[in-house]
Amino acid sequence: MAITLGHNQYGKAETRVVRIFRDTEPHEIADYNVSVALVGDFDDVHYNGDNTKCLTTDATKNTVNAYAKEAGDAVREPESFGIALAKHFVDDVPQVSRVRVQIEAYPWDRLSHNGTPHPHAFARRGAYVRTVTVTYDGSQLWVVSGVRDLIVLKTTDSEFHTFYQERYTTLRPTDDRIMASSVTAQWLHTETDTDWGASYGRVLATLGSTFAGHHSLALQQTMYAIGQDIITEQPEIAEIRFSMPNKHHFLVDLSPFDVENKNEVFHADDRPYGYIEGTVRRDDAPNPGSAAFDPGQGW
Amino acid sequence: MAITLGHNQYGKAETRVVRIFRDTEPHEIADYNVSVALVGDFDDVHYNGDNTKCLTTDATKNTVNAYAKEAGDAVREPESFGIALAKHFVDDVPQVSRVRVQIEAYPWDRLSHNGTPHPHAFARRGAYVRTVTVTYDGSQLWVVSGVRDLIVLKTTDSEFHTFYQERYTTLRPTDDRIMASSVTAQWLHTETDTDWGASYGRVLATLGSTFAGHHSLALQQTMYAIGQDIITEQPEIAEIRFSMPNKHHFLVDLSPFDVENKNEVFHADDRPYGYIEGTVRRDDAPNPGSAAFDPGQGW
Amino acid sequence: MAITLGHNQYGKAETRVVRIFRDTEPHEIADYNVSVALVGDFDDVHYNGDNTKCLTTDATKNTVNAYAKEAGDAVREPESFGIALAKHFVDDVPQVSRVRVQIEAYPWDRLSHNGTPHPHAFARRGAYVRTVTVTYDGSQLWVVSGVRDLIVLKTTDSEFHTFYQERYTTLRPTDDRIMASSVTAQWLHTETDTDWGASYGRVLATLGSTFAGHHSLALQQTMYAIGQDIITEQPEIAEIRFSMPNKHHFLVDLSPFDVENKNEVFHADDRPYGYIEGTVRRDDAPNPGSAAFDPGQGW
Amino acid sequence: MAITLGHNQYGKAETRVVRIFRDTEPHEIADYNVSVALVGDFDDVHYNGDNTKCLTTDATKNTVNAYAKEAGDAVREPESFGIALAKHFVDDVPQVSRVRVQIEAYPWDRLSHNGTPHPHAFARRGAYVRTVTVTYDGSQLWVVSGVRDLIVLKTTDSEFHTFYQERYTTLRPTDDRIMASSVTAQWLHTETDTDWGASYGRVLATLGSTFAGHHSLALQQTMYAIGQDIITEQPEIAEIRFSMPNKHHFLVDLSPFDVENKNEVFHADDRPYGYIEGTVRRDDAPNPGSAAFDPGQGW
């Protein structure tokens, strides 16, 4: 029996870099949290503490900060910034064979001053985080865009009934419930050069529109409908993956107080919650395996 | 020497009640997190475990839920909902002499469906939490409105220099820095019946507008200017209190890489941060002491 | 009508300073999060942006870091470190008239290496945070020690019944329930020089012992008993304040599955929770008012 | 082009079940957070909202709660509890072909009462969370144990130098630094029936002992040494995976204040941090692929 090193990667996580574009009016802001993970010829670091080939995580951070200026207009969108960084690490550092760059982008809205948008002042949107994962192995480049913590809710048009019955099933069917979720989604692009901001905006618009308009028999069905509509409308998207917790809103029993509750008063529960994960794909798109949506160690 | 019971209060915290107004189109949603603290004749509970006068915290929760229907239109705004609850606990439960009702309200925006606002579907705004503290002692009623986690940033028009010098002062003066803060503010109303939603909207509009337009020599100065403008424009506000952390954005030194950084690339630091607290008052308004802004145990 | 500046204070929050004592074997570690708030002659900063008297928050941070070495053995306990800092800011900076120093101390345990305690390696205890608030106005000094996030639970010896009945009371009485709380407590010392570590250890020992041994009729009663025992045993403590959320564990109804649940299976709920706040005092101790337990802006 | 459903799974996440064993003295407590994800014949739920085969997530929760009693002594360890649940879902629900059960277990210590361990009262340990992932497909069973948020630190015996140099490398080498990490680790068992508690205790003991005793030239080297020692000593472990953030402690420059800092005063930084992920394996163990360490959607 021998013991060996298996899958490993390392880098600097959560470099919080803010880039201001101030040479034009109005100013623009790119607010990023960048995490880089490198794969390559690093066995000796693990086996012997030999750092000869070890690019320091500090240098990784320095590179992120310097590229926030050096990468020019690519910095304006997280996808193009991630691509610039990914290409650097594999193409310029010989011992790196594969890199994953993850970026969280925090959107800001322009503040109003006396009724008109101000050129230098902003408020954080807060409604969601925009995410990007770029993976590059020296020949192939995968670009995944995403959203996190987008909380949506509909007050009607959601049923849930006619479900499987067994010993532990006690839920009562309903033909009118609140449906709410905090959406995390990531989608793989078929191309590596597009108008990232416009593509992102279209995904979010469709996500909201289909969630609003879909008459739901199951959260899974609504999730699939959202994915289907997005992929139908945007040929640049090969696959979209969702995690959609079912944020339960339970009708409160007010009958002990002789108060009628006609679907009006709900308890918003924290835990447990339904957890729905699903993938919607073009069947002519190549399966990315585990390359594009990097699972790290499995957590 | 004897040992005695000092200040005490109790109740149910964080009842997460969601009220849907569905009898009209479009639907409306009130999404609240309600915490109730009761003061009164409860010494025997502490000294002897005698619960004869102890209103259960479970009943407090039930009351919040039932009032989400029974209080009718008062539920639409957190201030009026808090007042209805506060009056109930003191006026209807004999042993309660004072109550503090704190409400967090989570704002939602209507989703668009095919380009028009949908009547039943919403996305959480996320940019801030609206807060209310109502205190009532059977005769006087204090209503405090507030905002939490409103993150603002300006990319210029902020200087900081000419400050006090002593042994530990090493900061270099600047005439152009990023200024950012996560604003928590609470303001005391002079009246107990007003258009709460409109009043709240005006405060937020002034806060954003003055932050944007103020040329700042110190975060304290900007904070005071915001408070001054709010109180000047809204006679229904007696006093406003702020906690405004100075969320530091440090210019990154890119000179080791021969990259010039003309106020363009910043590190958004987490800790430590400047912490600025201040109060702006009408000098003809009575001092609320500790009655209106309930400090609890001091934390 | 005129508008004026009311209560204000400022400083640097959350300076994360770690001091290693390495001149002896074994090494020792003091791991602190220090927040300083200064009160004084700072009106001109607010009114005019005149920073002439403004001690920068950066200098405040520098002072905390430098004192982690300069204060010598006082650094070993958070109370004595806080006192050293508090005296500096008021005594050495003329325009500062009052200061509050808050310290969170994170306890570490020594790791075992081949069965014996290692002199240089540690694991964070994690069970609670030790807290200190020192307030000083140039003549009087208040020292408050505390604990946060100490989670305790007892599986029996807790009853709750014979409580007040009114319209919204539906809770069923119980003579055997789980009682659990996440204890936050702060206690005011009568003296400003004592063996802080030993005093702290005794408080925690009594807190645990009384919680364990007390047969409870109400969480308030147990809280009072804990405070009473601590003050009885430790003459150096004038007053202790508690916030003790009642972390509800609800018995799960397993009868639909023909499974008997004899107080064995519980749902640990998140929200809402009972929130119990109380104070236990020596009646011969002076009332500290709001001086010692600084409530800041009321939040 | 057609659109299809890809990988999907669903279930109830974060059922917070607490089991008290009270038929013996002293009482014992099992405190779990259970998340279940089911894979199977659920396409029609997504495509058509046909719930005929949909086991409700509510029934999943009910099952977890009922099994906390029905599974008897298997409930005492999270691994055996997870196995019992996993077998139920695949073996008893025909449309389920694969299940992943994830459990977080929160350890509690017995409180002392007057100097002796109390039979009914506990304090949460807080130092780490014990984790389990059980995966079952009807024939094969994978049991993964783990730990999360175990924070360790050593004050010396850690060097880092002789690393790769390129354009963005500015870090200065050091032969004596603080090394700290918050360890997340998961390890795959070769067997499905063992003394889980004893096995867990040995892993944690080795982890602490090797971290303490290892003279480190790189965090990666220490991580590998820990894994190597664990696998060498415990033949029941096939593979262990780590995520070990390098929690940086930066030496504070006190020279502007004429204070010497001989590796005594450090700033504990939050972000960014080094992120080191690695796997140590027996080379005679079968590669579990993505079966055992379920990556979900890649996040």
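As written, the chain order gives the labels A, B, C and D, with residue 1 at the start of each chain.
Basically, contacts are C-beta pairs under 8 Å (C-beta built on N, C-alpha and C of every residue); 3 or more make two chains touch, one makes a residue touch a chain.
Please read these numbers as outputs of a predicted model, since none were measured by experiment.
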Path length in the contact graph (chain B to chain D, fewest steps): 1
Of all other chains, the one whose Cα centre sits farthest from chain D: B
Between chain A and chain D, centroid-to-centroid distance (C-alpha), Å: 23
Geometric centre distance via CA averages, chain D-chain C, whole Å: 30
Centroid distance [mean C-alpha coordinates] between chain C and chain A, Å: 38
Residues of chain A touching at least two other chains: 16, 62, 66, 168, 170, 256-257, 270-271
Residues of chain C defined as touching chain D within the complex: 16-22, 27, 29, 31, 62, 65-66, 68-70, 108-109, 111-114, 118, 120-128, 149-157, 178, 205, 208-209, 211-213, 249, 252, 254, 256-257, 259-261, 263-270
Chain A residues within the chain C interface of the complex: 167-168, 170, 256-257, 270-271
Chain C residues touching chain B - in the complex, by the definition given at the top: 1-16, 33, 35, 37, 42, 45-63, 66, 92-93, 95, 160-164, 166, 168-171, 184, 186, 216-218, 220-221, 223-224, 227-228, 231-232, 239, 241-243, 245-246, 271-284, 290, 292-299
